[in-house]
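Shared between the two complexes below is subunit A, which pairs with subunit B and subunit C, respectively.
On to the complex of A and B.
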């Protein structure tokens, strides 16, 4: 049985002797090849956890390991299979070209120059930067700089990749490129990816699993589908009928919003009979039915409900 | 029973690879900043000639040219090494790139050592400009420019000892960030009491002793002056603390620098200041 790609056990971090706990007894296990969304509001403990995992910050207690190697006691082995794009920093040298950066970081991670060059050529080609490889990164657009940062994180072909806000500040096209890259890394190359972002549609699209941290503790850690289904409201429906100028007569608890083509009716039914009665009522009013669906919460709604719940004692 | 994930094949030994890599980056930065290097290659010799001229009441006295040159070469090394390492470290901290340099299987000491060597090489153009100016000035005065191959020993002692000092300053930067005032003040202190312009023999005894003990350039400059001006030999320097201290001081300073840097690096990792500005 392979070791977990990422394992965090009872991790706590307190800044200073009397400061509050930034991370409070967090545990997390991520199997190889999975993509996990690590979410939380600002100040929840995400960055602290990530930096401990990357060996950039020491924990007050608890352990963190990458591929079975403790990030403190077996740092060299842990870092040999790890690459990261960290949020809020340049990640690469803007005074150097993308080519120079990739060679530099490749050799820094222990690759021979020839191996770093071969890998850099492939990454820059895949990311559409090959033609501009000798230009200084400082002159690139934000999206191109982020691509170089991602390429630098991937230069040693790490098995475990941490991407902290990889699409922050990117335009639609660049975001799509990064999303496609993450998907390819996970699906085609079997990489383990820990993804943090506030763009929850990206998480919903890419992550097998979602862990949400709030006030230094995990409030949930579930497969994405399971999490969404837990928040699915089985008795809430959305019914679309043809838009009419006349007002629609509805039972209590239902609301109607008239659009250009459809009137959207939403509300809660007690049971199937209530639903049939509503449909009959609409048919009786001469409103052609366009669609009927259970309301499915998206990850953003789930996330907000998780982080806005009253804090546990 | 669990099995570890496979570790990608790395160059062996990776240390030398990464060390050379860091030196290479330093060289690229040196080339990229050639204008600043050129400016220093002009200003340092100008200051040298002005200092000699003021000390000689308006004349470039031959008896002052070489002693001042030796002091200024030492000062140039310490100035260039400390400033190059400090500012590159602070710049990497501010931009957040420093954290990426820690995501490596290699110890951070390798990276820091590479930066030091790059800084030493970066100091060479200024030192070469100073030496060339001194050579021309001495020759024009009709004198002989002294050279003794063994003087490379005190020169190496200056460079190695300064590495220890730079390590301390890098460690302080990790924890306290904006310490440029300390950095600049330290260079000024070395200029005043490090035997660069005023020989240690002219300083009060306690100050000279403290300087010999703690300032990386002091024993090296004192030894170089003894060898080039008084025809002393390496084994019989005639300086107060002799060859033993000339060789021991840089080793002790560098060892102290490594210890202090590692300690401050741990503090930075505990406080979370490794990447925060």
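On to the complex of A and C.
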């Protein structure tokens, strides 16, 4: 049985002697080939955990390993397992060209120059940067710079990719490019990806699994589908009827919001009879039914409900 | 599915040399990204030196002062440019975040530092030679050569690199090291003999100057080249032992601070960025 791609056991990090616990006894196992969304509000412990995995920060206690190699005791082997794009960081040299950057980062991971050059050519071609490979990265757009940063993380063809806010500050088109790239890495190349982002639609679309951290502790760690289904409210409905100026009479617990064309009615029913009774009532008020749908929570709603729950004592 | 690999036996040395070479290549490319800046600096350095000597000679170029001061100004530029590669670039990289990216390598962290040290040497040495050669050719300064001067010349380079390494080790945790480095290099420029030979300074000022990098080495070079001293006499006179001790202390302090600051920076989460 292969070692987990990422394994964190009872990881704790306290900054300073008396500072708060940034990470508080976190454990996580990520199987090879999976894409995990690592979510949490600012200051929850995401970047701290990623920095520990990347060997840039020491843990107060606990262990972290990449590809079965402990990031402290087997540092050299662990460092060979991953590529990373760090949050709020330039990641690549703006004074160098994308070609020079990729060769440098490839060599930094121990690749021979010929291997680094071959891989760089493929990555730059795939990312549409080949024609501009000799231009300084400092002159690129933010999206192109981020593409180079991701390419630098991929130059040694690592099995594990740590992406900390890879779409931060990108416009819609650049975000789409990065999303497509992550999807291809996961589905076509079987990479293990740990992704943190505040763009939850990206996580919902790409991640097999979601772990939410708050105040240094995991509040959930489930497959994305399971997490969403747990929060699915089977008894909550959205009913659209034709917009009217007269007020709509509704049972307790229902609200109506009038738009230009539709009035949107939302609320909770006890059972099917309640629902039929409501529809009958609306018909009785002369309001033609436009649509009826069960309310499906998105990841954003789930995330907010998880991180806004009262803190544990 | 992507596979995981352990570092192969023997891969450590190969990876180390690969990373070292990559670091040097990147460092040089980084420095040469804006060549005009270096050309302007070099032109200013030549004019500054010649102007300085004109003022010190009270309207005349004094042949008795020029050779010794030229060696000192060359040493200053070696120190200045080593610092630019090792200290200023390190601080800039930590501020921008590329330093963190460079640390995620299978090679031990000191390999990248060695790469920077090699880059500092490879880049700063030609600049120092050029900054000395141009005024030498311009006003016809002749510096005699004796093979025994090679020892203090090599010790001068070691002294400068040890000081630069110490500054870089401090810069791992402290972004204000750039200001400290600028202050110290300015003191070196004033006191190492680039204005006038150290023998012309008051005794207390010469004693203080000997604590700074380059001064003792320049003194040793002057003794060998201009006063006909042998290495044995420079040793017995105390300059060489003091120079070796000075260099060793700087290097040892640098190594100790590098280990300490790296350990603390990793604990504080500031190893990659301030």
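Convention: the second predicted complex is superposed on the first by the 313 of 313 C-alpha atoms of A that agree within 3 Å, B and C clash if a C-alpha of one lies under 4 Å from a C-alpha of the other, contacts with A are read in each partner's own complex, and residues count from 1 in each chain.
The definition used in the following text is that a contact is a pair of C-beta atoms (placed from the backbone, for glycine too) under 8 Å apart; a residue touches a chain by one contact, two chains touch by 3 or more.
Everything quoted here is computed from the prediction, not taken from an experiment.
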Subunit A as common anchor, with subunit B and subunit C clashing or fitting: clash
Partner chain in contact with A:170 - subunit B first, subunit C second, else both or neither: neither
First (subunit B), second (subunit C), both or neither touched by A:115: first
Subunit B versus subunit C as contact partner of A:95, first or second or both or neither: both
Touched partner set for A:77, first subunit B, second subunit C, both or neither: both
Partner chain(s) touched by A:33 [first = subunit B, second = subunit C, both, neither]: second
Which of subunit B and subunit C A:227 touches, first, second, both or neither: neither
Subunit C-contacting residues of subunit A that also contact subunit B: 2-3, 5, 15-16, 32, 48, 51, 54-58, 67-69, 75-77, 79-84, 86, 88-96, 100, 104-105, 107-112, 152, 157-160
Complex interface listing, subunit A residues touching subunit B: 1-3, 5, 15-16, 32, 48, 51, 54-58, 67-69, 75-77, 79-84, 86, 88-96, 100, 104-105, 107-113, 115, 152, 156-160
Of subunit A, residues touching subunit C in the complex: 2-3, 5, 15-16, 32-33, 48, 51, 54-58, 66-69, 74-77, 79-84, 86, 88-96, 100, 103-105, 107-112, 136, 152, 157-160, 189-192
Subunit C residues within the subunit A interface of the complex: 1-7, 11-12, 14-15, 18-19, 21-23, 25-26, 29-30, 33-34, 96-98, 100-108, 266-269, 271-273
Residue numbers on subunit B that touch subunit A, as the complex places them: 1-11, 14, 17-18, 20-22, 24-25, 28-29, 32, 95-97, 99-106, 111, 266, 269-272, 274-275
